[in-house]
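Structures are listed in the sections that come next.
Across the two complexes that follow, subunit A remains constant while its partner is subunit B and subsequently subunit C.
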Partner chain A sequence: MLGITLITFALTKALPGDPVYSMVGERSDPETIKRIRTALGADKGIVDQYRGYLLLLLRGELGRSYYTNRKVLDDIRVKVPMTFMLAAGAMLIAVPAGILMGLAAALSSRVRTDRIITGVSVIGLSLPVFWSGLMLMYLVSLKLKILPPSGTGGLRYLVLPALTLSLPAMATLTRITRTSVNEITTMMYVRTARAKGLSELRITVVHILRNALIPVATVIGLDFGSYLSGAVLTETIFGWDGIGRYAMEGIMKRDYPVIMGCVIVSTLSFVLINLLVDIVYHYLDPRLRLYGTDR
Partner chain B sequence: MTSPWKLLAAALCLSLMSPACTSKNRLEGYLYQRLNADPTTLDPAFIVDVTGGSIAAKLFNGLVRLDPDLNIVPDIAGKWDIRDSGKVYTFYLNRGVRFFNGREVTAEDFRFSFRRILHPLTRSPNTWVFDSILGAEEFMKGQTADVRGIEVLDAYTLRITLRRSFAPFMNLLTMTAAYVVPGEEIERKGPEFSFRPVGTGPFILKSWEHNTELALKANEGYFAGPPKIRGIIYRVIPEDLTAVTEFELGNLDVIAVPAYEFARYSRSQEWQGLISSGRGLNTYYLGFNCSRPPFDDAALRRAVAGAIDREKILATFYEKRGRIARGPVPDLLRQWDAPALHPYDPAKSMAVIDGSGIKSRVVTFYVNADQEVIDLAEIIQSYLKTAGITVAIKQLEWSAFKSAINKGEADMFWLSWWADYPDPENFLFPLFHSSNHGPSGNRARYTNREVDRLIEAGQRTPDRSLRNQYYMKAERIIAEESPWVFFWHKTDFIVKQQQVKDHRIYPIYTIDKGTGVSF
Partner chain C sequence: MGLTAKATAGVIALLFVLSLIAPLIIPYGADMIDLDSIKEPPGWEHPFGTDNKGRDILARVLAGGKISIGISVAAVIISLGIGLVVGLVSGYFGGVPDMILMSVVDLILAFPSLILAIGISLLLPPGLYTVIIAITLVGWTSFARLIRGYVLSIRESSYVEAARSIGCSNTRILLVHILPQCIPLSLVMAGMKLGGYILTEAALSFLGLGVQPPTATWGSMISSSRAFLNTAPWMVLAPGICIAVTALCFNLMGDSLKDRYDVMKTGASGQDAV
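Presenting the complex of A and B:
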């Protein structure tokens, strides 16, 4: 974490642009600019600024936004649940749909079904989110009038952004599941299971799917982790008040405390998700267990 | 499909199809508007953006305000007199004007509010609004405990004395920075006052869900008569297309017509009658860095201006959403004739360019990363290529762009200037006076002693017609020397729902108090 704060701090300070020029508007005298720079501590050396930030972190604070003067931690507390809701919604759509489509493509006896599903997943991967989001909004909100185009509230507001965000993940999961299942279906232990006279359902679920899920879990973890760092385009299109939009606005305005806060929180959530994935591996693959065995 | 599945599907469909996407869940009597960004603050001392300013105009009042025809009219001050050749201003406040907390506004509140902006510890970016007041400079430097030029004569009389005559001063008092705030609330709330403001205006802040929605409710006790609507809901929608969808679903009552939707709306049978336009107090320009080669040469700047067919760009690319600029001062403020200088004449321009030596170098053209601006920059690049100038466009996001042009890194840049107050001086002094190079406004780094003298003379002259003479002469020299290529003054277009009555676009956002609109 210390490394992350150091790298982020150095990178943000190396960016071209000065937040003070945006804060003072279009017309300001050098004295005012100097006064604001002093107030922000921007006139100090970079090492002093970094030391000050670390001290702030040790006090459990993330500072205040240069522009709104609101506490970054308070803002993040509001935005993280929103981002989590969106990410979870997207994964709730992408995971079952992706796995089912991947399974169907791999296990279908018809080549056509496989080709259609694979084709759809390629399209899903290739469509940029801003395009699919706007198309979904046009069709579902404006033409069919089924769901609201933007805002926050109940489940209805979540469906469109979550669906938009889920499309690339769904496509990736479909492809990974298909490849993984195809590979496992040829394994000796599957043939053995069949020879033992086990039902096809049991073979599919216990012997094929469980083993195929290891790479799938990795992809789920990576996607979920990246969604928790914010989905800027989806959040912007649907007016979703998440951490991605917050971070992006911070970057655009050079609001250093906001950028640092978002990076720290995103790093934390990414680390936590990876830890969770490692724990899931433990259950999915007995070979990865470091101690004991339940078999 | 088995029956439990059918039931589940039906329940899901019903829950999703409930009327959240239509206008039925709106608050009755509220006007729904769009903001493309969350306001950074609603504290008048810190507002520098139009978004915050347009909302603050509905929450606060000043001594005076602007009417729709840009005249200065009473606000909290019922009357005033100006003496000593425009140096001494005495304001007589209306009685019975109350803050939302119930306390009556007095002259002391104005003294507090103006002094607060000038106080070094406030760190307000708006000190320039009051720095012409006697004793302001000393106070800002911490040399005096008070601002000599702001005096409370009695509870309802305020006297402001300026260092020297400054003709636009009354206009400055119409700005958001000059709104009155209650000291006790500032003290009690500290930085939170930015998000929980207390003013005197026609609307009261009801709720503010940052980045999502900001709600104002009507102040029934507003001293100038309550609004005709119950309130205003501002929805923060960053994406234009989303806002258009919300508008067409009836979830927004008024939107600014996005550039790429302009043609569709203006041709649409359904909407064309509901579009209204307003001439904005702004000037869009291509600025030259006049402080170094190659554009320290006025002849070359004129040649560049003559190499670009602005009329054609305005008519085609910009779809006539503006009026050609003949100088920096917008047509709405200019009370003198301005000749059309540097018309499109590629042959004449090329002759100058050929002899200038500019062909041997690449000219940098800085623009911010806005798609419309980038497209426009490419058009300009193409015209200049034809004329023999190689232009390298450098796109930067806003903060980096501003930093670069404030430091004078660009040879050319694209920018606009929007009026702070409706006086030609606002388009001359900050933008062309040699004391204002860089972040103070003169990003072209233009220096001309005669222009400086004329602008200063205009600032000191209370007589309007004489003042206009100075401004006219200054503008003529500027237009002739062409530190900018003057492009256009943008016209704003809005489209509203049928049921919205008396909604207007004003040249300056502070005019719109939200009291005229009704359903």
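Presenting the complex of A and C:
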């Protein structure tokens, strides 16, 4: 975590462009610029600035935005739930659809079904989200006029961005589930289960799916984590007021405290999600409870 | 190479060659503004229609292809180069160098990749090289990680031990005995990453951080057409389809290489950016 604050800090300081100039305009008098600089603490040395920031972090603060002068933490508190809603919505679509399609592809006796599903999932991986988002917006909002094209609000506003964001995840999940199920179907214990005369449904759910879900859980965790850290593109297109757009605006305006805050919060959530995945592992795979995780 | 790999590589090569010779076969230049034919729908005159400044979209899409494919291929080659060196050193020697290199890798991987790429592309003046650098600086880590793991597994094999016992130097073992073993894995990985890099490049230029207008890139074409989504949807359609088809071909090529060499077990993809 310390390394991350250090790198982000160095990156923001290295960004060309001076926030003070963009705040007051190029032509203001030197006195004003000097005053603002002192107020922001930008006149101190870089090491002092970094030390000051770390002290701020230790107090559980993230500083104030250079532009709005609002506390970054307060802003993030508003934006994170929005992004969380979007990411959860996307996962609600992607997880069941991805797992079902992966299962269907792996277990179907017809080669053609497998081929079609695999093909569709590769296409899903290849679509740029900002484009599929715009296309959905065009069809659903502008032509069919069913849902609002963009903005932040209730469930009606959530559907399109969540659907857009879910596409690549759905494709990845389909592929992982298919590979993993294919591998497990060849295992001895599946044959044993079949020999015991268990029903096909029971074999699929209890013996195959439960074991196949372990790598799937990793992917769900990773994807969810990366969505939290900013579905920058999706949020930009649909005007969804989440943390990705907030970070992007911060970067564009050289609003250092905002950038730092966003990166720290998203990295933290990424780490937390990974921890969660590890816990889920233990639930899914009893062996790990005995021997510990070794990934 | 398998049939799919050949076919998809052929499609991309065709697209790339077309984009190089486009000025010779299309009567319109990519930046030729014609205010008499603004926002014309696709037709005989302009197969993909024209944009809000009357520029021929087919010409612009082809011009963009040169840039997108060029950037992705360059970024993959450089990432692979760095990844190979770091992976070989880290995996073979272990110890302190391994620890330092891998903590750098972990540190970079802990960042949200698109945000990091955005940050890096803001550091340098926008342009072709900046995009390549941004994608590479984020991308080399996954190559290094994978190759390190692979080197670790073959370091202990008996032929490496044999080479050591007849007195080969470390350099010779690395270059002659271990490096060639890493080639199939590297190729597969590169093939799988290319599709993701096409998407990352498109995303960066969509956000205005790529090669700057008026030069046509697929991402920036989509971003400048957003305002006309309702009145001229073909402006968004053509560059998007190009991105998707190119990424699709690269992904299929990667998959087919993977099946052929059977070096990676998971169905993981080369996709980074969301």
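The criterion applied here is as follows: the second predicted complex is superposed on the first by the 287 of 295 C-alpha atoms of A that agree within 3 Å, B and C clash if a C-alpha of one lies under 4 Å from a C-alpha of the other, contacts with A are read in each partner's own complex, and residues count from 1 in each chain.
By our rule, contacts are C-beta pairs under 8 Å (C-beta built on N, C-alpha and C of every residue); 3 or more make two chains touch, one makes a residue touch a chain.
Predicted model only: the values in this text are computed from it and were never measured.
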> Which holds for A:F238: it touches subunit B only (first), subunit C only (second), both, or neither?
Replying inline: first
>> If we overlay the two complexes on their shared chain A, which of subunit B and subunit C does A:Y227 touch? Say first, second, both or neither.
In response: second
> Which partner does A:T267 contact after superposing on A: first (subunit B), second (subunit C), both, neither?
Replying inline: second
> So, A:T172: does it touch subunit B (first), subunit C (second), both, or neither?
Replying inline: second
>> Contact-wise, after the overlay, does A:L147 reach subunit B, subunit C, both or neither (first, second, both, neither)?
In response: first
>> If we overlay the two complexes on their shared chain A, which of subunit B and subunit C does A:S126 touch? Say first, second, both or neither.
In response: second
> For subunit A, what residues appear in both contact lists, the one with subunit B and the one with subunit C?
Replying inline: 15-16, 134, 137-138, 142, 236-237
> Can you list the subunit A residues touching subunit B in their complex?
Replying inline: 15-19, 21-33, 35-36, 39, 64, 67-70, 75, 78, 134, 137-138, 141-142, 145-157, 159, 236-239, 241, 245-246, 249, 252-254
>> Quick check on the complex: what are the subunit B residues that touch subunit A?
In response: 15-18, 20-22, 37, 40-41, 46, 48-49, 120, 123-128, 131, 140, 191, 194-195, 209-213, 235-239, 241-242, 245-246, 248-249, 251, 396-404, 406, 417-418, 420, 430, 439-441
> What does subunit A use to touch subunit C in their complex?
Replying inline: 3-4, 7-8, 11-12, 14-16, 122-123, 125-132, 134-135, 137-138, 142, 165, 168, 171-172, 175-176, 178-180, 183, 215, 219, 226-227, 229-234, 236-237, 247-248, 251, 259, 262-263, 266-267, 270-271
> Taking the complex as given, what residues does subunit C use to touch subunit A?
Replying inline: 103, 107, 110-115, 118-120, 122-123, 195, 199, 202-203, 206-207, 219, 222-223, 226, 229-230, 233, 236-237, 239-240, 243-245, 247-248, 250-252, 255, 265-269, 271, 273-274
